[in-house]
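Two complexes, one shared chain (chain A), two partners (chain B, chain C).
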Partner chain A sequence: MGRYLTLLTLQLRTSALLAAQYRWDFLIDGCISLVWAATAIAPLLIVYAGRSSQAIPGWSMNEALVVTGWFILLQAILDGAINPGLAAVVDHIRKGTLDFVLLKPADAQFLVSTSRFQLWRIVSVGTGVAVFAVAFHRLGRWPSLLGVAQALLLLCVATMVLYSMWILIVSTAFYVVKVDNLTYMFSSIFDAARWPSSVFRGLLKLVFTFVIPLALMTTYPAEALLGRLEPVTLLYALLASAGFATASRTVWLLSLRRYSSAGG
Partner chain B sequence: MISVRGLKKHYRVHKRAPGLRAAVKSLFKREYTTVPAVDGIDFEIKPGERVGFLGPNGAGKTTTLKVLSGLLYPSEGEVRVDGHLPQKREVAFLSKIMLVMGQKQQLLWDLPPADTFELNRAIYDVPRDEMKKRLGNLVELLAIGDVIQKPTRQLSLGERMKCELAAALVHGPKVLFLDEPTIGLDVSMQVVMREFIRTYNEQFGATLILTSHYMDDVAALCPRVIVIDKGRLSYDGGLAELVQRVRPEKRVAFRLSAAVPLAQLEALGKVVRHDAAEAVLQVPMDQVNTVVGKALASLPVKDLTVENPPLEEVMSELFSRSRADAAGKGRAA
Partner chain C sequence: MTRTLRALPTLLKIGIAEAIAYRAEMLVWVLSTTMPFVMWVMWSAVAQVSPVVGQSGRAYGSAAFSAYFLCTFMVRQIVASWASWEMNFEVRQGTLAMRLLRPIHPVISYAMGHLAALPLRFAVATPVAVALVLTAAAELPHDPRIWALWVPCMVGAWLVAFFSNIAVGTLCFFMESSLKVMEVWLACLMVFSGYLIPLDLFPPALRVVAELLPFRYQIGLPVEVMTGRYAFAEAARLVAIQWAWAAGLIVLSFALWRTGVKRFQAYGG
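Now for the complex of A and B:
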């Protein structure tokens, strides 16, 4: 355990060194983050324009803004911490350099997952928090301590689910060499998480609750901050993340076994 | 140290004919073929030995090394390395071996090699003071003191390969598999690498298996060679004996003070090359003395040397012979 903590620190240090080498990325990522925030908020403004309240059932515009805040936050985690390391796996598989990872006496999933972070994406975390501040300022109240605690727990849960989904997608790279289409599809689906889950009806609602639990990623934490999360939802979220984590670990291990390394 | 018994590794590959029609068909019905990359080989290697794997492209050398280092499951047979079953990939096993691949690199591209060394130190849990000593030694032997702080992408191929070796040796492996470690390097750099590999073997008593395209690597480093061809072991023993077996002939080169007619040379042996000032004959081992005696008596010889035929030629003859054998069998069947 101690060794893995040391390793994580070292990997973070490596990414920090890289981030320092590419200092200008700070500005670029900062600008990208602002553009992202704008594109995340703009649809809300359009939807709520004219019909001032309840354009989305059960959500005022300011409440929906809290969901947008979570969307920005999770996007930052996805782009900054989850995506880069796992993109590296796909690259490793293509070039056959995954061999080097597998030769190391440490867990391969851990090594690849922590191999790269885009640290400048931290800027977006600030943007997300700023969106929360604006939303609650306009609502004229602040989240309760319990709400914040629940929200932080859900943040961990959501991160775990996102990470597990990525592992599942990356595992397919062991079978098909091009996973670009899959990752593109995933990004498009994740995009739906910008809306409170009540906009989806029927089949989509079922899919986004149980198959790809988008609700768990942005809607539930927003409800937690707004102080209206049902405790049973929290339980469901915990179970779902445990399920996803187990499934992704199993699939990863199975795929590794199949890996017979690119020729050379 | 290493024992391989009846090792087979068959790859199952998805067979697909070219063309769109076949591609669509293969979506529904997949056909597989088996590639017998390694097809039943046995050998034993003692601690501290340096062994060279020889064989034409696609013979199964890399596959064997990958099985030995635990990257691939053997399809059949048993492999043991220092008492471990490699495919279990136990920490104790992985900590004492390393596979270096000349065509692939583990160094982080955008960062200096020193950062990769440090990462490997943490992964292998090497104590800091031991690391300092070991790295100091590696840096000195490889003369890479002034490159390990530069980003890898700025290094020349030779510098990079030296750093690759250093990164692979940070944990002091007792067993080292080297798959074409000198590929693409210029001759002087090949010599440097060779010397280093030998020194590492001698200083630490590490066991070593090397494959190389350059016969000189194997000749300089490995007293013992194993020839693999189409997944089968076709020779295991000393290099000199192998050369004798394939080409039981020597080359006698004469420097001449006057031109000699071809017919006169042909009377002595097979003429490999000849011009006004020089002639090279190929002579069976047991006739070298007689031929030299006759030549000195009858030709205007200024100087003379007796050599083995070039290794590259011996190997290409060996491999083309095995291909001809296979073709012969194919026709007979």
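Now for the complex of A and C:
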């Protein structure tokens, strides 16, 4: 365990060095993060402009803004911590260089997952938090301590689920080789998480609650911050993340057996 | 010129073979364009409470939104362009040198690569078109002249999309990589093209901005023509402006290419 902590610090330090080398990226990534945040917020502004308080059933403008804040925050985690390392796996598999990772005396999944972080994406985390601040300022109240605790727990759960889904998707690269653009596909599925889950109906609602639990990632944490999350939901979220984690680990280990390297 | 023309069918054939070879990759790209459906779901949830009234005074109900976003998906499939990513990649790897060696203008060879992907992209758009006709035929225009105009409008949209990509792509000759510029361009495209929000629903001030920018001519205009938002004369005027944008972007792209390519050093390779 201690060894893995040392490894993680090492990997983080390498990413930090890289980030420090490209200091201008901080400014550029900051601007881009603001532009993307604007694309997430603009539709909400137009949906709610000059309308009654509840254009989306059960959500006022400011409450929906909290969901958007979570969307921005989780996208930052996805792009900053989850995508970069795992996107490299797809490349490793295609070129056969996964050999070098497998030869190292540490768990391969751990090594590839921590191999690269885009640290400047922290700017987007700031943007997300700023959106929360604006939303709650306009709501005229602040989240309760219990709400914040629940939300933080759900943040961990959501990250776990996102990560596990990524592992599941990357595992398909062992079977279908030339799929460099899987990253984009996953991000585009995640795009649906930008709205409160009550906009989805029928089959889509079922899919986005149980199969690809997008509701768990943005809507539930927002409800927690707003102080209206039912405790049962929290339990369900914890179970779901445990399930996803186990499934993804199993699939990863099974897929790894299929790996046969590639002509050096 | 005639030599270029004679090479076109062969280039297309190679491109189509490539598109078929990498069909899984292509399918993933197509599946990644879920945004119109995501927006559709949200707007229909909003419209179910009460129809959204646009600037033009026309109300958008659920059916109007489904027609709009199904059309958006189809237009997006057909006018898709990835030239700036291709260029950035090839400049960084130095493989652009291979393209420069060929006796044909690289921009033309990029264009052929894009056109070769169209048959597969049409194949993806067809079921959506069928769904559109089955579910929202009432929202489509019945004037055959509008449909005749829609064809040059699609061509114009493709030209705007492709040459804005080339123009941003050529910037990588002047800076190390123009991918971040492209990302900003893409974000503006999403907001101002009508991809996320029909232009008609914009607040007046923003709408004026959107109409001055090239983005709407890439996605919004063909979609609006398809969903019968304009009478013939108005649509024709807008298509004329669209073609003026296309012409401007073509001139700009070739000018940028000519000055930029002199700085290309084929490092890496």
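Quick note on the criterion: the second predicted complex is superposed on the first by the 259 of 264 C-alpha atoms of A that agree within 3 Å, B and C clash if a C-alpha of one lies under 4 Å from a C-alpha of the other, contacts with A are read in each partner's own complex, and residues count from 1 in each chain.
Note that a residue touches a chain if its C-beta (ideal position, glycine included) is under 8 Å from a C-beta of that chain, and two chains touch if they have at least 3 such contacts.
Only a predicted model underlies this, so the values are computations on that prediction, with no experimental measurement involved.
A.B. asks: Which partner does A:Y220 contact after superposing on A: first (chain B), second (chain C), both, neither?
C.D. replies: neither
A.B. asks: Who touches more of chain A, chain B or chain C?
C.D. replies: Residues of chain A touched, chain B against chain C: more for C.
A.B. asks: Report for A:L182: first if it touches chain B alone, second if chain C alone, otherwise both or neither.
C.D. replies: A:L182 sits against chain C, while chain B stays out of touch.
A.B. asks: Would you check which partner chain A:F136 touches, where first means chain B only, second means chain C only, and both and neither mean what they say?
C.D. replies: It touches nothing on chain B or chain C.
A.B. asks: Of the two partner chains, chain B (first) and chain C (second), which one does A:F200 touch, if any: first, second, both, or neither?
C.D. replies: second
A.B. asks: Report for A:W252: first if it touches chain B alone, second if chain C alone, otherwise both or neither.
C.D. replies: neither
A.B. asks: On the A-aligned overlay, A:I28 touches which partner chain: chain B = first, chain C = second, or both, or neither?
C.D. replies: second
A.B. asks: Kindly classify A:L103 by the partners it touches after superposition: chain B alone (first), chain C alone (second), both, or neither?
C.D. replies: First partner only.
A.B. asks: Between chain B (first) and chain C (second), which, if any, makes contact with A:I56: first, second, both or neither?
C.D. replies: In the superposition, A:I56 touches chain C alone.
A.B. asks: Just chain B (first), just chain C (second), both, or neither: which does A:P43 touch?
C.D. replies: After superposition on chain A, A:P43 lies in contact with chain C alone.
A.B. asks: Once the two structures are fitted together, what part of chain A is touched by chain B and by chain C alike?
C.D. replies: Of chain A, no residue contacts chain B in one complex and chain C in the other.
A.B. asks: Which stretch or stretches of chain A touch chain B in the complex?
C.D. replies: These residues of chain A touch chain B: 3, 6-7, 10-11, 14, 17-18, 21, 95-97, 99-100, 102-106, 111, 257, 260-261, 263-264.
A.B. asks: Sort out for me which residues of chain B touch chain A in the complex.
C.D. replies: Going by the criterion above, the answer is residues 11, 62, 66, 69-73, 89, 91, 94-95, 97-99, 101, 103-106, 108, 110-111, 115, 118-120, 122-125, 151.
A.B. asks: What residues of chain A sit close enough to touch chain C in their complex?
C.D. replies: 28, 31-32, 35-36, 38-39, 42-43, 46-47, 49, 51-52, 54-57, 176, 178-182, 184-185, 187-189, 191-192, 194-195, 198-201, 204
A.B. asks: Using the touch definition from the top, list the residues of chain C that touch chain A in their complex.
C.D. replies: Within the complex, chain C touches chain A at residues 22, 24-25, 28-29, 31-35, 38-39, 41-43, 45-46, 49-50, 52, 180, 183-184, 187-188, 190-191, 196-197, 201-203.
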